[in-house]
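I am attaching a structure below and will ask some questions about it afterwards.
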Amino acid sequence: MTFLFGLMAQSIQMLLVLALAPLLIGLLRKLKARLLRREGPPIIQPWRDLLRLLRKEVVLAENASWLYRAAPYLIFAMTWVAASLVPTFATGLMFSWSADLIAIIALLGSARFFLALAGMDIGTSFGGIGSSREAMFGSLAEPATIMIVFTVSFIAGTTQLSEIAAYMVANLELRASVGMALVALLIVAVAENGRVPVDNPATHLELTMVHEAMVLEYSGRYLALIEIAAALKLLLYISLIACVFFPVGLASHDAGPKAMAIGLGAYVLKLAIGGGMLALFETSRAKMRVFRVPDFLGAGLMLGLLATLLVFVTRSL
Amino acid sequence: MELLTIDIAHLLAGALVLASFMLLYQDRLSGLINIYTLHAVILSLSVAWQAYYQNAPHLYVTAGIAAVFKALIIPFSLRRIIKRLRIHRTVEVVGGVGVTMLIGIFLVALSLVVMLPATAAADPLAREDIAFALAIVLLGLLMMVTRRNAVSQIIGFMSLENGLILAAAGANGMPLVVEISVAFSILIAFIVIGIFLFRIRERFDNVDLLELDRVRGGR
Amino acid sequence: MSSDLFLVSNAVVGIPAVAAIALALEPKYRRSAIINLCASGVTFLFALALLIVEPEHSGYLFVDDLNIVFVVLSTFIGFTTSVYSASYIEHEIETGRLTSTNVRFYHAMYQSLMCAMNLALLASNIGLMWVAIEVATLTTVLMVGIYRTPHALEAAWKYFILGSVGIALALFGTILIYMAAEPILGQGYDAMVWTTLMQQAPQFNPRMLNVAFVFLMLGYGTKVGLAPMHAWLPDAHAEGPTPISAVLSGLLLNVALYAVLRFKMLLTANAAAITPGPLMITLGLASLIMAAFMLYRRGDIKRLFAYSSIEHMGIIAFAFGMGGPLANFAGLLHMTMHSLTKSAIFFSVGHIAQVKGTQKIADIRGLTQSQPALGWSLVAGVVAIIGLPPLGLFMSEFLVVSSTFARQPLLAIPLVFGLLLAFGALLLRLTGMAFGEPSHDEGEVKASMLPVYAHLSLVLLAGIYLPSHLVTWFQNVARLLG
Amino acid sequence: MPLYLALTCVSALLAVSVYAIVDRQNRAISRNVYRLCLGLCGALFLAAVMPRGAHVVSAALPLGLPWIGMHFRIDVLSAFFLAVVNLGGAAASAYAIGYGAHEKEPMRVLPFYAAFIAGMNAVVLADDAFTFLVAWEFMSLASWALVLTHHHEEENRHAGFVYLLMASFGGFALLMAFGVLGGVGGAYDFATIRESTKEGWKTGLVLALALVGMGSKAGLAPLHIWLPLAHPAAPSHVSALMSGVMTKVAVYGFIRVVFDLLGPPAFWWSIEPMSFGAASALVGVLFATIQSDLKKLLAYSTIENIGVIFIALGLALAFKANGMALPAALAFTAALFHVFNHSLFKSLLFFGAGAVLHGSGERSIERLGGLIHSMPKTAFLFLGGCVAIAALPPLNGFASEWLVFQAILLSPALPQWTIKLLVPAVGVALALSAALGAGCYIRAYGVAFLGRPRSEAARAAHDPDRWSLGTMAVLLTLCLIAGLLPSLLIDTISPVARDFVGDRMPTQAELSWLSIAPIAESRSSYNGLLVFVFILFSAYSARWVIHRFGSARSRRGPAWDCGYIVRSPTTQYTGSSFAQPIRRTLGVMAFSVRERLDMPAPGDMRPARLTVEIKDRIYDYLYAPLTRAVASCATGLNVLSLLTIQQYLSLVFAALVFLLILVAI
């Protein structure tokens, strides 16, 4: 019985993230439009686009290989799994232990790996540009993330997200290192999701784009998969921040439906807030040159390391 | 009487050292050869005296070899050689005779310092003898080092070897002295023949230094 | 002592002497080569026989554990070299570099050299040993100069003069030893015999011994080829016929070393005298490092390996200077292995020089391609000489370095430095000579690879397995050396 | 019993190399030799894994150093490494049954190949210093000969020279280390060394020497310069052996000396391995990222992985020194696990590179491209290798690096501040190298296998023979298994950990769902299998849903490429342009990059060209001065060979007088 319940909770979460991700994007676009005094598209719009794309026929370049065709599914699957392993409304879901924080980050890494490869498969210059930049950003963003993981798990003594969340709920304490880690994580999140100021998801000016350049050749269902994967990634990062730094309202896996409902509500609220803040941030910033991005990420990395070292200062472990 | 014998031995050994100094000083080849002859004669005398003093008959043989071979044959052949090679008139430039002399004196002092304490046990004649012998050896080596002319270097070597014979003779009742002197005479004969065969005019390695560098650079 | 006539040791000395006379009379070079070979073979057999018969002590000769090592080794290499020289000399005559008279002379000298060396090793008294070594010098001088080219003559002459000075110094040292012994042992023959000297050494006048050792070390050290008295060695090796280079490196250096060791024992026996170790160590290290650096600028293949001989003599002197069971054992082993390996290298180098018609390293390339047998045996030889396993020199170098480092870490560092330098130089040259595009060959040779293979396989065997007899025997000798 | 089997196999391998020489005329010789090697490696593998009667079996032969003999021994550690070595050896041999047929001069490979494998096995089995060093140097020697297989290229000759020189440098370091351990008496067998007591300075000395000796063979920076020269020079299956296996033998040596012979560690021992490991990880991956020669790239990435292993070993030392047995076991297990993994996927990748080299004749990725079409099978297998070595889940590379991270996360419990603060820094290096590694392999695979062929050779390339492909497939499968079920390997390794760091990780096989939890499930856990199943499930469900409800139609058309219509493959991103961001951002500090762009004026028709020159700082500042110094000394001393006899005589004279004065006073 508990098994079935657990399974159900887990699958609810999987479907939940899947459902929410495009809506988050929609919300983001809407808010940005409103901030620019425009009547934006409805929040549901991304879902519409996706469904249309899914029904379209795919146009493949002549020399597209099997890898090119398999990549979207892999990317989608990896991101989805990663996203559904992050506690959203409840901790300690059935399979949450099957991958800890490091593994989740690594899963995103493999998604990036295949995305970058797909970008190079057709052999166009833009794909290459996108992939090479993506590779560089990734190779700076990942260590920063790992550093954040170090900080958090040095404090909480675990890399299981559920446990971290539980710890954070249990003893709420303000630390310099936590603050730095939060900032670093925000930087990483912005970079990883290709938001302004690192990349502009809305443009098609070739030279400013990273993510868009890689997927330039994709169309139809493949494009849809990649888009939703991107949305999932954004969702993942926000819920990560939420669950590590603002774990209020998280239900535990054995709690009753009521707690679950509360958790759900809290989660949606957090997402909305996150989206709102991101929208504000993006509208208030201009995109930076590509070769300034490493400094941006480097700052994140340094913050992460500093946070890790400060852990020892603030609390003698 | 005892003292007299010792004094005579001393006299001869000292004369030998003196002769070595003269060799160091002398810069004309023919003159060198004459002095070497003198050197050899003194050697044979002192060896003979040792033979008499130690009444060791076999030393007379050594003395004989010295007298005949070194005092007659070698100088004779050397003279012929330098005539053949047309270097009998060469007067070689001996850089800084004074310095050489000083070094020579230092060497004599050194040999005394080294030898006298070492041979405290040995009988007086032997110990002065060996000290002088060492001095002669060192002087001979010094001569070989300072002279550039092959023949004079040879003469230096031979004077060195005379010192050895003196030492061998001086060592009381040392066996095989004859054999050793014979072996040495053969050696010297070879050297002299060598000079003649190899037509060595100026130096042992009869090519100038630049040439040497060119030849050996690749070795 | 009429019975002494029938002693084995006499045979070891006598046979070469007789053979020398016979060869001097034999005009046909083929037959004389065969005689040479047989004589050396028989000598080697008799040397082996020395192992079986109980230690003998006749009037002028004597046998003990120490010198028997040297005798067996040198007669063996003398034998293999004679095998090699047969084919080598034949080629020289065909190419007209040597006339049959030269060869006649060469063979006679070869045997008399053997005789002199065996005599020096077996001589029971220091005077006789000196005479023998002097004769050996003379004969080798004549053989080095045998090609009569200006370089050969120059080399011979250089060797002759430096050698004679060394000999003279050694004689003076010998006389001093006698004078040190004479007050205790009384006048006459006894004061020059090893056995009595060793027994009475503690009573000798130490200062006398010190002075004597200085002369002996420099005198015989010249023949060992230790820096700074080494100058004769490279030229003599490079300009003479290759069998002689092999004999020089493989035997003559050892004989001189043997003399040094004997006198070292004498000094160690006397407590009051200076310990000879430091002097030997200094000279050894000097030779090692000097030679190692010299290896880099060598353009002549035989000079290259001549310098490597200096280097190895340095190592050996170092080992014996360190003393102690391990180091001495290592020294003996290293000496044996070096003799075998180096002569093997010279064998193949000789043929290589004949094939390529030059000794210039720059003109020798890609041997493993064009001359597989010669090339690979050169590779094997060099690999052995730079002390890589599984060949014998690795074991000795292992012992030397590790034992030194355990005792005197600071001494081990220059040692290792020198070894690495030499390693680099030889490897560099080897890579150039053995690999790459082959340079063209002047002519073919009927190379006799047998001696090379024999030596190398012995070295290989020793690197993996040392028979227990040999080990115990070496250990005795090591103990003897103190 | 297993020991004797192992020794027989080793001697049989030597016999094989002799046979290869004897029977060189035979046409089928190379196939025979490789078959034999395959069989013998298999037998040795069995000997490693077969149950040993005693916990430790040892034997002594009357060879080697007379008064010690040759000691051999199999304990858990040597068994593990024996397995690794022979797995690699068997794979290489199997691959070479097909691949070796293309060798022009088989006689320059075959004898040394068998000897090489024999040497590596002997190192692992050796139980006294002499035997160890003999086997060690023998291994170097054989591999040197293999590096010189294609001796016609100047660079290979140079590689061989540098390689053997560095090897003997390391050998001497080890020799001295064992000299210290063996002591004045010369007690060189490991049993005695274990018993003997060591003073502080001695342990420090031995540690440093061991690090230098083993590190120079393993390719630890800054002793790595030979590695990227030598490994690519050899034939590919040998490169696989050298990179995948020989470096592991060096790791074995380090563990044997430092964890076993040297006795209980002090905490500062861990500093050297960790910092040098971190340095190598970074240097290796950075240089790998900018290489355009496929095999060089792989060689550099070997340096990176060795760095990772040494980091883990350093951690293990730190924990062990502080008596924290469980974390020590975790770090140690991580190290060995990574050893195993790296030997698998590095061999796989080198085999792939060999297949590419043979199929297209090209080693430079700049002239390749589109191989995924011309050699699809190889492309698939190589992709697997890339994913594995890029430490991406669910393959095995990630599993072991995950363990290393877990070990790092335990470091706060360490009492010493130096280490406490050093470890996070090392962690950054580790994370950075992992991420860069992923980028590096994206580049390698993307440029070489994807896109459009940049040369005719690449277009005409073809898959290799069955044997080669089969071997690669097997290796990939092993990678997958090791990645999905790490628990199996962890449990096989843990006895080693118990013997060498005093404790073992909790048995993983008992955990639910076959997941792994190093310390406790509440702390951290990972389940490769489940993640893999999840991914497959969601991917396939997505595909099913889309094809069912969306559309499954697709047609081919020209690439969009923002409307550009230049079809020439030169418009693609090249390897060097891909690496440009890395060069710009990190290149300046790691390697002094100089980029020169020559852009023609508008209207000028000549092509613009960009020249990039990269200098290895380590080489410039460490090795170049050394070589210069030696050269100048040699030239200076060379005067000694140009003197006249007179001057030589004066040398003698000076020596004599000097000594006489010495004696006089």
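To keep things simple, chains are lettered A, B, C and D as they appear, and every chain counts its residues starting from 1.
Note that in this section a residue touches a chain if its C-beta (ideal position, glycine included) is under 8 Å from a C-beta of that chain, and two chains touch if they have at least 3 such contacts.
Just so it is clear, the model here is predicted, and its values are computed rather than measured.
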Completion exercise
Joint neighbours (chain C and chain D) are B
Handout entry: Maximum centroid distance from chain C, chain identifier (CA atoms)
Key = A
Handout entry: Inter-centroid spacing, chain C versus chain A (mean Cα positions, whole Å)
Key = 78
Completion exercise
When centres are defined as mean Cα positions, the distance from chain B to chain C in whole Å is 31
Completion exercise
CA centroids of chain B and chain D: separation to the nearest Å works out as 69
Completion exercise
Chain centres from averaged Cα atoms put chain A and chain B apart, in whole Å, by 100
Completion exercise
Multi-chain contacts in chain D, i.e. residues touching at least two other chains, fall at 641, 645, 649, 652, 656, 660, 663
Exercise for the section: Would you mind listing the residues of chain B that make contact with two or more other chains? Expected result: 114, 141, 144, 153, 204-205, 217, 219
Practice task
For this structure, give each pair of chains that are touching.
Solution key: A-D, B-C, B-D, C-D
Practice task
Spell out the part of chain D that touches chain B in their complex, as residue ranges.
Solution key: 641-642, 644-646, 649-650, 652-653, 656-657, 660-661, 663-664
Problem - Contact set on chain C toward chain B in their complex - result: 125, 127-128, 130-131, 134-135, 138, 141, 151, 153-154, 157-158, 160-161, 164-165, 167-169, 171-172, 175-176, 178-179, 182-183, 187-189, 191-192, 205, 207-208, 210-211, 234, 238, 298-300, 303, 360, 362
Practice task
Spell out the part of chain B that touches chain C in their complex, as residue ranges.
Solution key: 114-115, 117-122, 126, 130, 133-134, 137, 141, 144, 153, 157, 160-161, 163-164, 167-168, 171-176, 179-180, 183-184, 186-187, 190-191, 194, 198, 200, 204-205, 207, 215, 217-219
Exercise for the section: Would you mind writing out the residues of chain D in touch with chain C in their complex? Expected result: 62-67, 129-130, 133-135, 137-138, 140-141, 148, 151-152, 154, 157, 160-161, 164-165, 168-169, 172, 175-176, 178-180, 182-184, 186, 188, 205, 630-631, 633-635, 637-638, 640-641, 643, 645, 648-649, 651-652, 655-656, 659-660, 662-663
Handout entry: In the complex, chain B residues that touch chain D
Key = 107, 110-111, 113-114, 138, 141-142, 144-145, 148, 153, 203-205, 209, 212-213, 216-217, 219
